[in-house]
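In what follows, chain A forms one complex with chain B and a second complex with chain C.
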Partner chain A sequence: MDKDTDTPYGMPEPSTVTWREGVDRSTAVVVMAFVASSVAWLLVGSGFALVASIKLHTPGFLGDWAWLTFGRIRPAHLNTVIYGWGSMAGIGVLLWLTARLCRVTLPFRLPLLVACVLWNVAVAGGTWSILAGHGTSVEWLEFPYHWSFVFAGLFAILMFSALTMFTRRRVSHIYVSQWYLLGSVLWFPFLYAQGNALIHGNLATGVVQASANWWFAHNVLGLWFTPIGLAAVYYLLPKILGRPIHSYYLSILGFWTLALFYNWAGTHHLIGGPIPAWLVTVGTVGSVMMFIPVTTVAINHHMTTKGHFDKLRISPTLRFIVFGAMSYTVVSFQGSLQALRTVNEVSHFTHYTVAHAHLGVYSFFSMVMFGSIYYIGPRLTGREWPSAALIKGHFWLTAVGMAMYWVGLTWGGWFQGLAMNNPDIPFMDTVLMMIPYLWSRTLAGVLMTIGHVVFAVSLWRIFWLRASDVKGPTLFDPSAAVTGGEG
Partner chain B sequence: MNRVTLLYVGILFTVVLSFAGLTIVPQQQLGSLEPIVNDDGTEYPIEPTGLVAHGRTVYISLGCMYCHSQQVRPPGFGADIERGWGNRRTVARDHIYDRPPLLGTMRTGPDLANIGLRQPSSDWHLLHLYNPEITSPGSIMPPFSFLFDELTLEIERPYDALSFPPEWDPGEDVIIVPTFDARALVAYLKSLNASHTVPEVPQ
Partner chain C sequence: MALIYIFIFGSVVVFGLTAVAGLVWAVRTGQLRDFSAGATSIFDDDEPVGVMTDAFPAVDEAAAPTPPEEGPDSG
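Up next is the complex of A and B:
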């Protein structure tokens, strides 16, 4: 192991264990606060999701209250899982990874803790506003305008703290995860401020607001969740496997092509819409060019893991991470294809797109976050996960639920689109044919929600239980643990 | 330029590039679009005011656009025009007064770009909002009965009380009247009409 660069793989040496403990301990309270909040929002968001899902096949369900009408529950679900679960879990992981990779203790701990509290207040307030009827009907920016100023301030604190760690870093080598993390903390505050100013601040007019909307919304995944998720995969895969990333040059190529192309892809949400043809074309080109970063990342991750897939039986973190990384490849290829006019003609305006969105935000990003939290948890608390069975339950409930969700809505959505494009089929038939698939989604949602409850129980126990009888890392199959890769 | 500077510059450059390309350039191109002035001095489109403007806020507040789009795709791309959702594709000019435009991304229900033209009856809209099954059997649209008041007092039947078909009649002494929000929402829906000829779409 190269001591100067400390590439993050291999067995820990005695000298490195000391600084790691110090760095981990410095991040503990802040990261635990963000992670605990994120999981609370995951439960709330799952509740909204279930209600929304049931309403689509049983429209009278909870139908007497304006607060719970589908058009409010759906954005309440989206915003709690995006700004509550996804962003808060992402920030927790981002701060911990940045501190570790820069080998510095976490600065500004009190401001960050206050930011975490205010973040919860803002998500709660924004969600309340949506349910009360003050949502904006601008997808992914449904919180009323005033909440965006609170979020902008909080993003600034986060950015300042991450950049401070980066400037103070005690390692000259910049590992690939750090490029992605630096990208996410610089990209997202800019996107968020511009998106709000252009749309809610009316700096853009008419359909340009729609273009700005999808530039923003697509990049929440592309330039915020994806870089954090990939940074975690790039860090944890080599850590757990105890071997280096396959190719440094593929990493470079993957990062810069993602930076160049992903942020142009958003206007593929407007194919066939009332915007200039060139605007749609650049969206399609950007989407198709995403084949490059996705292929390079997929090759890089696969070649790193190749020959070590048996470790999936042992390491909880690895199982979630590999599931997420594979989903990233699938969702990205699917996204590129979906941006082609011929495919989009069918898939647009259907549940096919809904399945695709969940494959990205859930199957890729959320699963990677679960895996990361399983890795980070013991390092923050000094305790081990109390039960391998709970982790196993979490994995299978969410993995099976997600697979069922995606297969049902992708299949059903495609036929919904074909039927919609055939004017001989009455529109009502396109509604009725979806009902069985909508039921399958509710069932899938129940599985995933139970998985989240199981996860929350695990998290509760490792965060709050004083003593732990567990000695050594919690693995699925302790007898198989020969290598010390979980270090 | 060292590698860290390159990283910072590259990260900021890429996002500013797409920001310019997908928002600033289109704003330059489309920001100056004007309404069409007809020979008789009327304009298209017109800025929503009064009841229609309030109805639009109700549409936004209830999240109608999560199931209904407001855009007609061009002939040969989908079957929007064959389905009778419009007589032409919709264009940027149709939306110059929309803040925000409610184009939508989902068609759980049908497109509404021309609903005012396709369904001009207020009575139909009110019954449909009160309980979609009355007018559209099989519909999975939620009932918006909370946009209506139920009067059970012994009063003379108000002029705007809903008239139900016999099989849905709630009974002689139950009178259902639309609230202000319901009437505004219907006024907004009836105002949706993108059939005016525009220079962007040749006849």
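Up next is the complex of A and C:
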């Protein structure tokens, strides 16, 4: 079960060079469309985030414009980054990775392109509605309900494409990444349909609605973003390093335990709320059981990379992937501990939770997506990334920004929680105490946003640069990259 | 209304069954055997174990390390 490099290299394929290039190129237009859209939404979402963040320490900022009030701009940020950036980048990576793992060309390219366009329309329409004041106030489902029909249809197209590739696959062994991708593409559409039917169909009302809400919202992370992110890490980490996963057995165990435990965890969001205690306990138990899959992933990622951390200097993808993988370990252990009642009574309703959420969706998922896009881009276009400096700039701006964001709000949020639990401290003192931490968040957000602009410039140049402007793709041959630099 | 309940509880059942069916299928088709072959199934003759497949474009001198090692890695 441990790595054994003497074994044959998996499925023998007669013409391995051509199959991979053929598969990559077949996904090019669709994946580029999803990735380009996702990055556009990332920029929009970052703008919303900055406005929301500034309002927290400077309440009068843009305060006279109803469309930009906190109650609208904050859900606008959440929904654009979740459904615009995260989901679209995730779908791009999912389609590319599924095609590669199944060794088949991408089917249904035209329907998928149409789906990409409609997806953009739905995110834009939903965001417009939120800003106009027609959001639903149900967290993670703020888009007015009619957009959920559009998304459900698009998820169906996605599911159908992924399953078609799976049934046409030309490999007999299902690699661990494929399991994760199948999990996300099979389970999330069901979850989305159920969540919407329960909540927007008014079947779950009152506290039951809150339970359904958080069951849904937490599973967006657990059954959609996390499996796609882990699938990318489990493929790219060994692939870039040229080292098989440390323990394949643990990776499979990790997948099945994630499938078993993650979807129980959602009700830990309602600790202290007016729902039955056993329901909260179920969520807490599910969260703590997540120690098992997270430990398997942490061991695997660390032991696979161990002794090769110097390669972070060589590979742009590896930097982002390792940063993301480490964040996954931290955010998951932190999440399990946060689900304990004793910890939660301090951290709940504070900025600590906000820091935790960004550690998951940004530091883990988004960084892994950045890394994946850096790996995929040259393989789709046959061109080199235009500038190593831009990639490094992107990495350091977002990594430092994220670290600053997390440290400031985790630290500040914990003291905020302690202060709010102390009846001797007036609430206003707690509010004023948070202002420096909130400024640190805005500063961190500015760094991350600049990083996103840098990323968008890179992406623009690799996708739309004229072929004559670029050197040959050196990424395919590391030795050429080392010797054939243009400075 | 009844239709919606059928949809919801039906979805719950299908949702759970996909996981059970997946696991049963994996066991029956031997997916859970021979883990070392599974781990190397993403490598090929042209992208074998021991070769890195990603590097910065136009790496500058300072960041350029020795070329990646050849052959299977024992570290």
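Observations, loosely collected:
As a convention for this text, the second predicted complex is superposed on the first by the 453 of 487 C-alpha atoms of A that agree within 3 Å, B and C clash if a C-alpha of one lies under 4 Å from a C-alpha of the other, contacts with A are read in each partner's own complex, and residues count from 1 in each chain.
Note that contacts are C-beta pairs under 8 Å (C-beta built on N, C-alpha and C of every residue); 3 or more make two chains touch, one makes a residue touch a chain.
Because the structure is predicted, anything quoted here is derived from the model rather than measured.
With both structures placed on the common chain, the touch criterion links A:D24 to neither chain B nor chain C. Judged by the touch definition given at the top, the superposed model places A:I174 against both chain B and chain C. In the superposition on chain A, A:L198 contacts both chain B and chain C.
Contact with chain C, but none with chain B, is seen for A:A388 once the two complexes are overlaid on the shared chain.
Of the two partner chains placed by superposition, chain B and chain C are both touched by A:L182.
Looking at the shared chain after the overlay, A:W256 reaches both chain B and chain C. Of the two partner chains placed by the overlay, chain B and chain C both lie in contact with A:F190. Shared contact residues of chain A, touching chain B in one structure and chain C in the other: 174, 179, 182, 186-187, 190-191, 194, 198, 203, 256, 259-260. Here chain C touches chain A in the complex through residues 4-5, 7-8, 11-12, 14-15, 18-19, 22-23, 26, 31-32, 35-61, 63-65, 67-68, 72-75, going by the rule given at the top. Chain A meets chain B in the complex at residues 55-57, 59-60, 63-66, 69-72, 74-75, 133-139, 174, 179, 182-183, 186-187, 190-191, 194, 198-199, 202-213, 215, 219, 223, 256, 259-260, 263-264, 266-267, 269-270, 272-276, 279, 282-283, 286, 341, 345, 348-350, 353-354, 420-423, 427-428, 431-432, 435. Chain B meets chain A in the complex at residues 3-4, 7-8, 10-12, 14-19, 21-23, 26-27, 29-31, 33, 59-67, 69, 71, 73-74, 77-79, 82-83, 89-92, 94-110, 132, 136-147. Chain A meets chain C in the complex at residues 1-11, 13, 16-17, 20, 101, 171, 173-176, 179, 182, 186-187, 190-191, 193-194, 197-198, 201, 203, 235, 238-245, 247-249, 251-252, 256, 259-260, 306-308, 310-311, 313-318, 374-375, 384-388, 391-392, 471, 474-476, 478-479, 481-482, 484-487.
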